[in-house]
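Each in structure tokens, the structures are laid out below.
What follows is subunit A paired twice: with subunit B in the first complex and subunit C in the second.
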Partner chain A sequence: MPEITIDGKKIEFAQGMTILEAARSVGGDLVPPTMCYYSKLKDTGGYCRTCIVKVESESVKNPRALPKPVASCRTLAQDGMVVKNQTSPEIQEARAGIVEFLLINHPLDCPVCDQAGECSLQDLGYEHGKMNTRYEFERREFPQKDIGDKIKLHMNRCILCYRCVKTADQITDGRVHGVCSRGDVAEISTYIEKAIDNDFSGNIIDVCPVGALTDRTFRFKSRVWFTKPVDAHRNCDKCCGKVRLWYKGEEILRVTARKDMYGEVEEWICNECRFEKKRTTDWQIEGPSQIDRHSVISANHYRTPAMKKDLSNMILNSGIDASVSSADLTDKA
Partner chain B sequence: MAKKILFEHIDKPGIRHLEAYRQHGGYKAVEKALQAMSPAEVVSEVITSGLRGRGGAGFQTGTKWNFLAKPEGVPRYLVCNADESEPGTFKDRYLMEKIPHMLIEGMIVSSFALGVNTAYIYIRGEYFYLYNIMEEAIAEAYKAGWLGQNICNSGYNLELHMHIGAGAYICGEETALLESLEGKRGNPRIKPPFPAVAGLYGCPTVVNNVETIAAVPYIVNFGGEHYASIGIGKSTGTKLISASGHIKKPGVYEIELGLPVEEFIYSDEYCGGIRNDNELKAVVAGGSSVPILPKDLILKTADGHPRLMSYESMADGGFTTGTMLGSGGFIVMDHTTSIVTNLHTFARFYHHESCGQCSPCREGTGWMEKILHKILDGHGTLSDIDLLWDIQAGIEGKTICALGDAAAWPVASAIRHFRAEFESYIKDPAASRTFSHYDEKYKVHNVDAQS
Partner chain C sequence: MLTNRSKSVVKKEMSLVEKLYLPAILSGMAITFKHIFKKPATVRYPEEKREMAPIYRGHHVLKRDDSGAERCTACGLCAVACPAEAITMDAAERKPGEEHLYREEKYAAKYEINMLRCIFCGLCEEACPKEAIFLTDTLVNPEVARDAFIYGKDKLVERMDHRIDVSKRQTADVAMFKHSEMDAKHNKVYKDKTKQ
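Coming up: the complex of A and B.
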């Protein structure tokens, strides 16, 4: 098997994998962050430049260093390639610069944004950003556009990752939205304010890394970290029917697709499952979702197996009445 | 008189039309190539000639042609990049306006060499009047049998199409050009794959500049070795230079590569010196995106040799003390020019023309323009200069296409060489706006501070 070295760690990969895919195959800190790449879609990536890495040696055959940092999501891994991500201060600095660029025109309205808590840009800013902004001009604003009664487009928050455009191209029958205009006034828009309406259009909400596309049926209902995710399924003739329900108390506030550790959906779901099935009786409940990446949700409300042990230890060792049942802990949301 | 290749017959009456062009030896290269040479021989002549891409990057044309993938059963394309939109460059316009058949002849010979049966000329939207001239010339060529089926009874067929862009600078980037030609949004593609493997409609494609293709007939007629004997070192042949700015005789000049810059600016044959006999301040030597150089560095390299109009000599010293020949857009500034104002104009241009695809360029170009605007308005602070430097460093080399670099280099070089002027503008904006900025101190370039 060909081998690539990322941050000093040797990784075996299959021919045709990108640097990012090779890194994700082992996981951990050496995986570059991404904003526009989406493994479930074709031809994504290359736009946001957050996943840039330094290539110190291109391959066994051609051991020269590349003069510029490359986008790891679009660069094929080669045998004998030596890549630096976390270990290169230059890349860390460049990435911080890119986060700064992404944030200068972002409205930073996280307090009222439905995406807050599960926003890739928040995570990126927290992990790789700078302490303060040097931008002192007015932030860019777009007029609000109505794209239908189910999906809310908030263009000011958009980082132009093109994921929703690719989703509409590859998952749905016809794409009615795209990128209009050029440069820093480029915007996601439907041509002449058309509604985005087809059976799978709701998936563009799930792929959006920021709060630019949000679920109108969930709008301002709750902060995501006050809802608790439960995996469920139903027999759906349009999609796989495997979803994640977000409960607050007894009420299902929203339905999303199940996402993996990189925040990417596992299987696409249809609009009927997403927007219309909001009663527990519509679903067969599988159990609490395992969420590790956005720990704010799982830590407050869920006991993953590891936590359960910690909690029982805590309870036993602190001498608190151990009669508190596990059910009490889980269900009080 | 220096050697003229492209401009030899440019002033002959009626040269725009086929009849006169033919009288002056036009289409001889087509006859020679199609009847007496094989495609591989044409390619090898171009390789021998050492011809380099005239669009800006200066890549060896023969090597580029050699890279073209040749899978069975897949068409190949030749696309001529006539989307000449680099500020300060207007050579292709002149060539197409005056002598359109030269480009068509070059297209036929190049297409033959590459085994291409469908070729395109992508012309920028603002050149709509040239579109008509070119269409007329192509119609003439079709009528006379230089295009179409069985050209010169050689059995070779070529269809040549014109396509007019919609006026976006980014469509001069070869992959954005191909996207635009396919009818899509003009966003640069992520490379690899390069056009030589998957270009227009996913097929192997060569994209060449107008001037490059127009030089091919001469190479076929007189041989690659003869062409290589013109010029200096690896910069062979002649180059069209679009001279503009504060010179006595702005215009398009054909120079033999290797001409000293000093001679080009001051001799009567070319620019004729600085207007009103003012003092030379700075030169942008290859179109707005290449680094600006102050007088002492453009006339002489850092180690004291005279700087020549050639790819190597212009790049001497890297970006610290050198620049690039680029597309040959030679913008001369005299001592009354404000570098800050000039830089703002460039920054505004790149802000307007960024395609918005990748984040550093989309956000950074606008930010730089806003800061420069603030400085021009008299509200600048000294830390803004460092911020500008950081922003350009954050863009350079981190974008999909070269527009990011093109936006970053002018800012970097202006700060590198003219930092003092930025400082004086910030400290006393009112005086800076009325007073001519030329000062002895600008001759001492500020290399160490920012390299």
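Coming up: the complex of A and C.
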């Protein structure tokens, strides 16, 4: 197996994998952050440059360093490649610059935005961003747009990652324009509006890394961290039916697809599951979703410390206390 | 014995002077008498009020901006920062024609602070990104029913005829941010062009 070294860690990879995929195969701190790359979609990545890494040695055959940082989502890993991400101060500085670029036109309306709390750009800015802006010019402004009656487009917040365009590209036939105009006036248009009749169009809300595409049925209902995520499923003839319900009290405020550790949906869900089924009786509840405890979503959600599995089994098998059932041991949060 | 602070009791016979009790009574009376000439430790509230610190943390206020629009945008940061979980809110979308009432397109339709839960720590005013919530130097009134301590917007929002000066409570960082022209541009309120 060919081997690549990322931040001093040797990783075996399959031929044809990118640096980012190789890094994700082991996970942890050495994985570069991404804003536009989406492993579940074809042909994404390369736009935002957030995942740039330093290549100190290209391969066994050509051990010279690459002159510039490369986008790890688009660069193929090669045998004997030596890559630096976290360990390179140069890359950290460059990434701070990238974040500054992404934030040039991004409005500071997180208090209003429904994405706040699960926004990739917020996390990225928190980790790599600077406290102040240096941009002196007027920001670009677009009117808010309703794409269908279920989705809202805030073009002001868009960072042009093209994820929604790629999603629309893959769920519909026939190409229409995805992003109109160029540079400062580039705008998501027509393409996703035409794709809106598709049963899977709601997924563009989930793939959006910022609050540009938001759920109109959830608009201003609650902040994300006041809702409680619960995994559930139902028999759906269109999609897998595996979703995450966001509860506030007894009420389901929002239904989304389940997301993995990189914020990417595990399986696409259909619009019926997403927008129509908002009663608990529609769903088979599986249990509370696993949320990273450092996430703001788990703030103030006090729960009993999860008991280790072998320990709970030991108690169950020992028959010390017959009143302890497995239901008591699992997290009811 | 965990603390090593216990003392063993000695039960010895009292002397004649001690049995008289009179010297002990006199010394006690002397202490009492001395206090007549001392400055009293208490004040006659409510006629007389103690001086309050300029940033005393009492009753909250939800500030309005200069034109009278509510600053709060129901972002929920105060509620998530609150260690006592005293704050709850419901957001709503501003309708056309309500621009003079609410500064931004989202506002708090319901905003409640449970003053019995509140510990007046001031973390909400620290968390607020919109300079909307501040603690003031007024005290929370005593009530007879518990329900009356749940303060809604009627008690919290600043009255236009009774503006509250909070300039002393703003940190140096906030003041600097406010006076920076570049940051002001960054933090501006976006107008909704569709509704113009």
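Methods note: the second predicted complex is superposed on the first by the 287 of 333 C-alpha atoms of A that agree within 3 Å, B and C clash if a C-alpha of one lies under 4 Å from a C-alpha of the other, contacts with A are read in each partner's own complex, and residues count from 1 in each chain.
By our rule, a residue touches a chain if its C-beta (ideal position, glycine included) is under 8 Å from a C-beta of that chain, and two chains touch if they have at least 3 such contacts.
Nothing here was measured: the structure is a model prediction, and the numbers come from that model.
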item: Contacts of A:L108 with subunit B and subunit C, given as first, second, both or neither; value: second
item: Partner chain(s) touched by A:A186 [first = subunit B, second = subunit C, both, neither]; value: first
item: Touched partner set for A:R134, first subunit B, second subunit C, both or neither; value: both
item: First (subunit B), second (subunit C), both or neither touched by A:Y47; value: first
item: Which superposed partner A:K68 touches (first subunit B, second subunit C, both, neither); value: first
item: First (subunit B), second (subunit C), both or neither touched by A:Q284; value: neither
item: Which superposed partner A:Q92 touches (first subunit B, second subunit C, both, neither); value: neither
item: Which of subunit B and subunit C A:I159 touches, first, second, both or neither; value: first
item: Contact residues of subunit A, present in both the subunit B and the subunit C interface; value: 134-135
item: Subunit C residues within the subunit A interface of the complex; value: 73-77, 79-80, 85, 91-93, 104-106, 129-130, 180, 182-183, 185-187, 190, 192-194
item: Sites on subunit B touched by subunit A in the complex; value: 168, 170, 185, 190, 192, 351-360, 362-367, 370, 374, 387, 390, 393-394, 397-400
item: Residue numbers on subunit A that touch subunit C, as the complex places them; value: 107-112, 116, 132-136, 138-139, 141-145, 156, 219-223, 225-226, 296, 299-300
item: List of subunit A residues in touch with subunit B within their complex; value: 45-49, 52, 67-69, 71, 74, 76, 94, 97-98, 100-102, 104-105, 134-135, 137, 159-160, 162, 178-179, 181-186
